[in-house]
Amino acid sequence: MKNDIPEPAGARAPHWNLGPVIEELRVSREATHNIRHHGRVRELPSREALTVIVNGLSAALFPTHYGRPNLTDESIDYFVGDTLTTTVNRLVEQVRRGLLFSAQPDDASEEALVQKAGAITRDFAAGLPGIRALLVSDVQAALAGDPAATSVAEIMLCYPGTIAILYHRFAHRLHQLGVPFLARLVSDIGHSLTGIDIHPGARIGGSFFIDHGTGVVIGETAIIGQRVRLYQAVTLGAKRFPAEENGTLIKGVARHPIVEDDVVIYAGATILGRITIGAGSTIGGNVWLTDSVAPGSTVSQAQMRSD
Amino acid sequence: MKNDIPEPAGARAPHWNLGPVIEELRVSREATHNIRHHGRVRELPSREALTVIVNGLSAALFPTHYGRPNLTDESIDYFVGDTLTTTVNRLVEQVRRGLLFSAQPDDASEEALVQKAGAITRDFAAGLPGIRALLVSDVQAALAGDPAATSVAEIMLCYPGTIAILYHRFAHRLHQLGVPFLARLVSDIGHSLTGIDIHPGARIGGSFFIDHGTGVVIGETAIIGQRVRLYQAVTLGAKRFPAEENGTLIKGVARHPIVEDDVVIYAGATILGRITIGAGSTIGGNVWLTDSVAPGSTVSQAQMRSD
Amino acid sequence: MKNDIPEPAGARAPHWNLGPVIEELRVSREATHNIRHHGRVRELPSREALTVIVNGLSAALFPTHYGRPNLTDESIDYFVGDTLTTTVNRLVEQVRRGLLFSAQPDDASEEALVQKAGAITRDFAAGLPGIRALLVSDVQAALAGDPAATSVAEIMLCYPGTIAILYHRFAHRLHQLGVPFLARLVSDIGHSLTGIDIHPGARIGGSFFIDHGTGVVIGETAIIGQRVRLYQAVTLGAKRFPAEENGTLIKGVARHPIVEDDVVIYAGATILGRITIGAGSTIGGNVWLTDSVAPGSTVSQAQMRSD
Amino acid sequence: MKNDIPEPAGARAPHWNLGPVIEELRVSREATHNIRHHGRVRELPSREALTVIVNGLSAALFPTHYGRPNLTDESIDYFVGDTLTTTVNRLVEQVRRGLLFSAQPDDASEEALVQKAGAITRDFAAGLPGIRALLVSDVQAALAGDPAATSVAEIMLCYPGTIAILYHRFAHRLHQLGVPFLARLVSDIGHSLTGIDIHPGARIGGSFFIDHGTGVVIGETAIIGQRVRLYQAVTLGAKRFPAEENGTLIKGVARHPIVEDDVVIYAGATILGRITIGAGSTIGGNVWLTDSVAPGSTVSQAQMRSD
Amino acid sequence: MKNDIPEPAGARAPHWNLGPVIEELRVSREATHNIRHHGRVRELPSREALTVIVNGLSAALFPTHYGRPNLTDESIDYFVGDTLTTTVNRLVEQVRRGLLFSAQPDDASEEALVQKAGAITRDFAAGLPGIRALLVSDVQAALAGDPAATSVAEIMLCYPGTIAILYHRFAHRLHQLGVPFLARLVSDIGHSLTGIDIHPGARIGGSFFIDHGTGVVIGETAIIGQRVRLYQAVTLGAKRFPAEENGTLIKGVARHPIVEDDVVIYAGATILGRITIGAGSTIGGNVWLTDSVAPGSTVSQAQMRSD
Amino acid sequence: MKNDIPEPAGARAPHWNLGPVIEELRVSREATHNIRHHGRVRELPSREALTVIVNGLSAALFPTHYGRPNLTDESIDYFVGDTLTTTVNRLVEQVRRGLLFSAQPDDASEEALVQKAGAITRDFAAGLPGIRALLVSDVQAALAGDPAATSVAEIMLCYPGTIAILYHRFAHRLHQLGVPFLARLVSDIGHSLTGIDIHPGARIGGSFFIDHGTGVVIGETAIIGQRVRLYQAVTLGAKRFPAEENGTLIKGVARHPIVEDDVVIYAGATILGRITIGAGSTIGGNVWLTDSVAPGSTVSQAQMRSD
């Protein structure tokens, strides 16, 4: 029984009168019971497991950069094969748990969930070479787009944007395959590591590059084309949320921007609503934009004056 | 003696001529000695211990989401009771250390500190059901306020705003009870995890929701009402810092905004100074605001033009 | 063989048909082979090792705050000496790896790299007292500059700005000594911990203070004087990137601002291009600035109106 | 991907020509396939899990000695309750795995195994107070029987005999309940920790004490009465193994000694076969005994002479 | 909350009816309460801490063999100094706890215990060079006495006898200094690692060598001279235990052998009672000896005949 | 800087006056310097690394029992291939270190050592299928020879004899290939786990079985045939050690028994010197034997009498 955190001990261990607190917490839990689960306990997907899974996928896709230092032509396929089988076996269990929160759990037997989790995981695995190709295009875009970048290794190891897009591409595929809850967890881990918040529902084309990245927010229904470049603190958000008459928000409506191919959006720009940024446009830093702009536009903020 | 990080070894272990460096560092330490501690060594509170403590408190308050996957009606109270007693025993030691930095350590015997730490910890524990009720209101506000949110589980596991407010509610209570240094450490851990920086002194009402959250800053003397909603990169800051004649900043003066009930503040808005945002107001994205606004106001930025 | 992450097991372990995926990944790797390494496998520097190394350097420089709780006059020099020798031995191995990515690896024998890594590490160690002096000035600037700060201990343990500048001062020294790749890794770890992104090439004077800090970006060729203070989300960035005729970006050109002594820059200000902010100037929050300002200037944003 | 054990890396990573070895190992596995499993993969019980489970049971039975240092009247039942529920939940999974090796796996559905594992675990839990009472009698016997013993705490923490009997009493109960494979694993862990080898089938009365203990062996069908004391290197073994005509050993025949109440057996004595050591007898050190002795006997070795 | 050991989860988490078991265990604890502690909770010394402490002492005494691979003339004293101060600070806490079980805890204030623990630890530290000298003599004896030994490194790293005597020399010193309970814990850890059981009370001269060692037992009051050599399974035990009229064993009486200088005792010999083995004697394997022998004697077992 | 073991802290951290102790230890180290190393620091092989390596080899040879629970036909070769390449890469580094202690380090360049380590490791890997075949024969012998054994899984997981022979077969191969120091370390780890001490030099035929095993000792030059069975505490030792005129022991002389095929040796038998136990003989428990016996002999101890 390990016990590393220091506590007072022996004669000094105090009495805390916790009985009433524990009782109040029990009453409080019962009051919120209805909200939290309907009938049966559902195992939550595990953040720790998903972190290990994303690391495993990254290592299988890019063994030289995210895998093991020692790989040779003799050993690399064994490494990839073993890492991938292990990781996929771990993923299927998390997908099963995720389905408990994504699907209608009431109308699915445990066996049906296991089958569905297996099918989703098999599809996910089959799509990995495609994801790798997208990620390679993203890395090349970074190398081309940042004058401070000196090598592929630097892009892959030192750029938060690379990590963010890596998490996103996995999360988005899980979202597409019908495990949105799991996808959200993956994207939130990426957010926590990088400060870049991309909803797994967002659809993002190849050769995508985010520089610096802290504070970037990309909403659920955003659509981004090929070769788009973003800087820190860019928001692709919703302008308003349609609500039903009783005030309940209507979920799933397309409410985030469409950004066409070859657009550059500089730091701090805020782009809101289901508008379209036409191909090849440049949006200046700190710009606030709620209307569509034609292809090839340049939008910039009026400059401040010094007094 | 574990030694995981690779080093050159054997015949290749070089000589570094560190003697003079160590000597210079000693001299340098002695020069700053006066600043750092007055007379006796004070044990610093531990970031690692506080992280474990916040995890323990979270598990005791929400055992289904932050505790253990396997809890049943038979076992849940044992789990809550054991987690809480363990956590409270760990907390009291950190409170004692925190008091060394918060109080006037010179006029308190070690025994008096132990007593005071015990009393503060007992008060803190007694207030946990109240904190739980606030947090439940926060989660419900998130569910109601974000069209992308699909379940309570998603709010609790995938929203950085939930983690930030969880850390804040614990930190604020510690601040109130007289251990501001400890409270700051707790809030800084939350900041590091979420990119959301809330000073433990800030007073925040129930049903509070921060979406996305990266870059939010809420200052020490801010006061926030019920049902307030913030987006990423909102600042509730100070406009200027009153200083004494000799230039020393005057600490503790009320200098951050008051945000009344039912206010919404969109991404990137900067609100500075001891102004009041009247109840029910909406502050648009990227707005820069240093004057009070009446209840029910809508403040928005002039839109940029595309060229 | 530890195996903590749950998987389906026994009769339920499914067949995944991974053979074709592994084959596709191999083909895909071969296609990108040329990009990734030229002829021989290069060991990558390790993020985990660098984190341990920065912790070791911090502990050696500030043993009371970042070292061990129990140090006395009798033991402190042993601790500093042992921590420093261990850390320097670990650093030299990472420097050697970093050189593989920084230098022209083709024209350097393995032995020459070991020699060069040793020389760089020895220089780095010799400069530690100087770095400590700079960091002490930074901490004192924070104490003087933030009305919410109550003690040196609070500055050192609870301020992300302190951590960011600590990582930067180590990273910058490595950059200066000729291991830019390693320097970038160190700065990216600091970025991930704090949300503050400082390129290791940036030159920053003493008594530097960043408050809150999330979203700050300081570019590669920025130059910052003495006693400068920044708030969250400040960008010192490039305005445009000079490209060669074929579109390739020209790397290394001075393209970020020069900030002279005693400047304060408030939250969200965006300062772009090789301009100069004259000594003693104050730049207001959210200001967008692409022209130089004279010493003593005050620049502020026009205020928004409430409707 | 952690990788702590040093390896040659980079240009020095050699080629091992492992392809043929891996191929030979595959062929070799296929040849022994029939022996190892019949038709379906069976998950093996885990030594690591069982170690944690025995620690948990020990802590639940003796929280002051094997639990946590800090327990008070307020917290002890929470600790016992939480430790016990956690441990029992872990045990049921190992019991299920153990049944795969103990029972006829072919005629049991997976669901039936889960049910049976649950029933066995529930019986095991219900018997824990009885096991505790036996262990208390063992500890008291040690205190009474060893002039070097000074306290109950010393008996519980510093005597390998205490650990051995603790493991045995759990293992024996599992053996009785129909999971002999699991019982063997538990007893082998105890053997590895103490050098004392007690087959889980052995039936041992209360107030049992083994001093020093290294090399003690107690066979599968041995029966030991109340208040028996053994010293190191005592063997209670089989004399010969009855075999069928074709030479196959007949398993399960009673072939080890019966030791009646109040017997003392000194170091190195070897007692073989289904003989009976009458109540109250004393068997001297290094004695070799293959015939029954009447109650109250004293058996000793002829002394050696010095030349 | 880490939870590595697999459990059934979700809908399958069973109800165990543990309430009555927990109740019975509570009743059972209360019945044995009187035995276990008198009035106040005493913190037990920690096996894990003592293992780390012995490793630390070993590293401080023999940094090349038990310390760190990388030590140079520049760094070795820092390593020894830091290891020793850390280890001594850890030891003093365990000594304090050990005193709670060794001394009369009723007549000692907490402060007095802290003082006494400090004094004992200081004495222990001062004696370390003497212990090192003894251990060097032991290693040289092994090198001289075993034809299979090829180097000092082999003796120090591959001989259980070296580990056993290392633990004993620390344990014996603690026993002498008045913390017999702690000494017993140290010796039991050594026993568990090596199968060699030496009571910390035993007094053992320099140049002592145990080969193979499994099953060796050396009793509390044994006295061993210089240059003695033992083989596996040798017992230096008590013949009988003097008891008081009421049957209570009299503790502390001298009851184990005296072995004079230059004696060799071969495998499996059993030597019992307060007898003297004269200097220079040789005791053959498996010999059973309960009478003193003169200096220079050779004692051997009559050989068995083959049938 | 982790620091789990409790220490006194803050105002209570005592001064230990360790300066003189550290000085004495330095002087003491210098006095023994000549013994310990000749000229240059040699990196010691690591016990921890070797434990991981033996686990890796075991998993590669028997993936179902010592590998991962989840292996399928699809994944097993990836697992074996990856485990084997990783393990062999780790082994070559330990072999290199072992050579520093086994060979004449003075007459070998670092490069030559690396080459030699590579060659030895390649030979070792090539021999693994042969070692597997031997181990399979050992397991079958155990199943046939112990009436208490119920399955191959039980033999592989619960029998210390299986672990001991596994370690021995690896250690012996390393010994043959010219790294005796490394071989000794491997065998000592096996000894510590099982209480069975087999010198890596011993030559042992197939179908070998040790039951219970605690206290078994098998000497460096022992030779054991096919299908031999031993019980606990059997010694195959040396009778006397030939010495040179000056008393120095002559190393490497054949001095341990030859045990021919199909011999059984019962518990506690001591067999000493370069004698031969003829094929098919049975040696009884506790027998002391120093002369050869003819094939087919039965040797037993005269029985003790009860008084």
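When the chains are written out, they are named A, B, C, D, E and F in that same order, and each has its own residue count from 1.
The working rule: a residue touches a chain if its C-beta (ideal position, glycine included) is under 8 Å from a C-beta of that chain, and two chains touch if they have at least 3 such contacts.
Note that the structure is a prediction, hence the values are computed from the model and not measured.
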Query = By label order, what chains touch subunit A and subunit E together?
reply = B, C, D, F
Maximum centroid distance from subunit E, chain identifier (CA atoms) = A
Ask   = Of all chains present, which has the mean Cα position farthest from that of subunit B?
value = F
Inquiry  = Could you work out how far the Cα centre of subunit A sits from that of subunit D, in whole Å?
reply    = 49
Request  = Let me have the rounded angstrom distance from the C-alpha centre of subunit B over to the C-alpha centre of subunit D, please.
outcome  = 50
Task = Report, in whole Å, the distance between the mean C-alpha point of subunit A and the mean C-alpha point of subunit C.
result = 24
Ask   = subunit F: which residues touch two or more other chains?
value = 6-10, 13-14, 16-18, 41-43, 48, 68-72, 74-75, 77, 81, 84-86, 89, 195, 214-215, 233, 268, 286, 301
Task = Can you check the complex and tell me which residues of subunit E touch subunit F?
result = 46, 48-49, 52-53, 60-61, 63-65, 69, 71-72, 76-77, 80-81, 84-86, 88-90, 92-93, 114, 118, 121-122, 125-126, 128-129, 132-133, 136, 140, 144-148, 150-154, 157-160, 193-195, 212, 214-215, 231-233, 267-268, 285-286, 301, 303-307
Ask   = Considering the complex alone, what residue numbers of subunit A touch subunit F?
value = 4, 6, 68, 70, 72, 74-75, 77-79, 81-86, 89
Message = Considering only the defined contacts, which subunit E positions touch subunit D in the complex?
response = 5-8, 12-14, 16-18, 20-22, 24-26, 28-29, 32, 35-37, 41-45, 47, 101, 180-181, 184-185, 187-188, 191-192, 195, 197, 199, 201, 214-215, 217, 219-220, 233, 235, 237-238, 241, 249-253, 255, 268, 270, 272, 284, 286-291, 293-294, 297-302
Query = Can you list the residues on subunit F that touch subunit C in the complex?
reply = 1, 3, 7-10, 13-19, 55, 59, 66-75
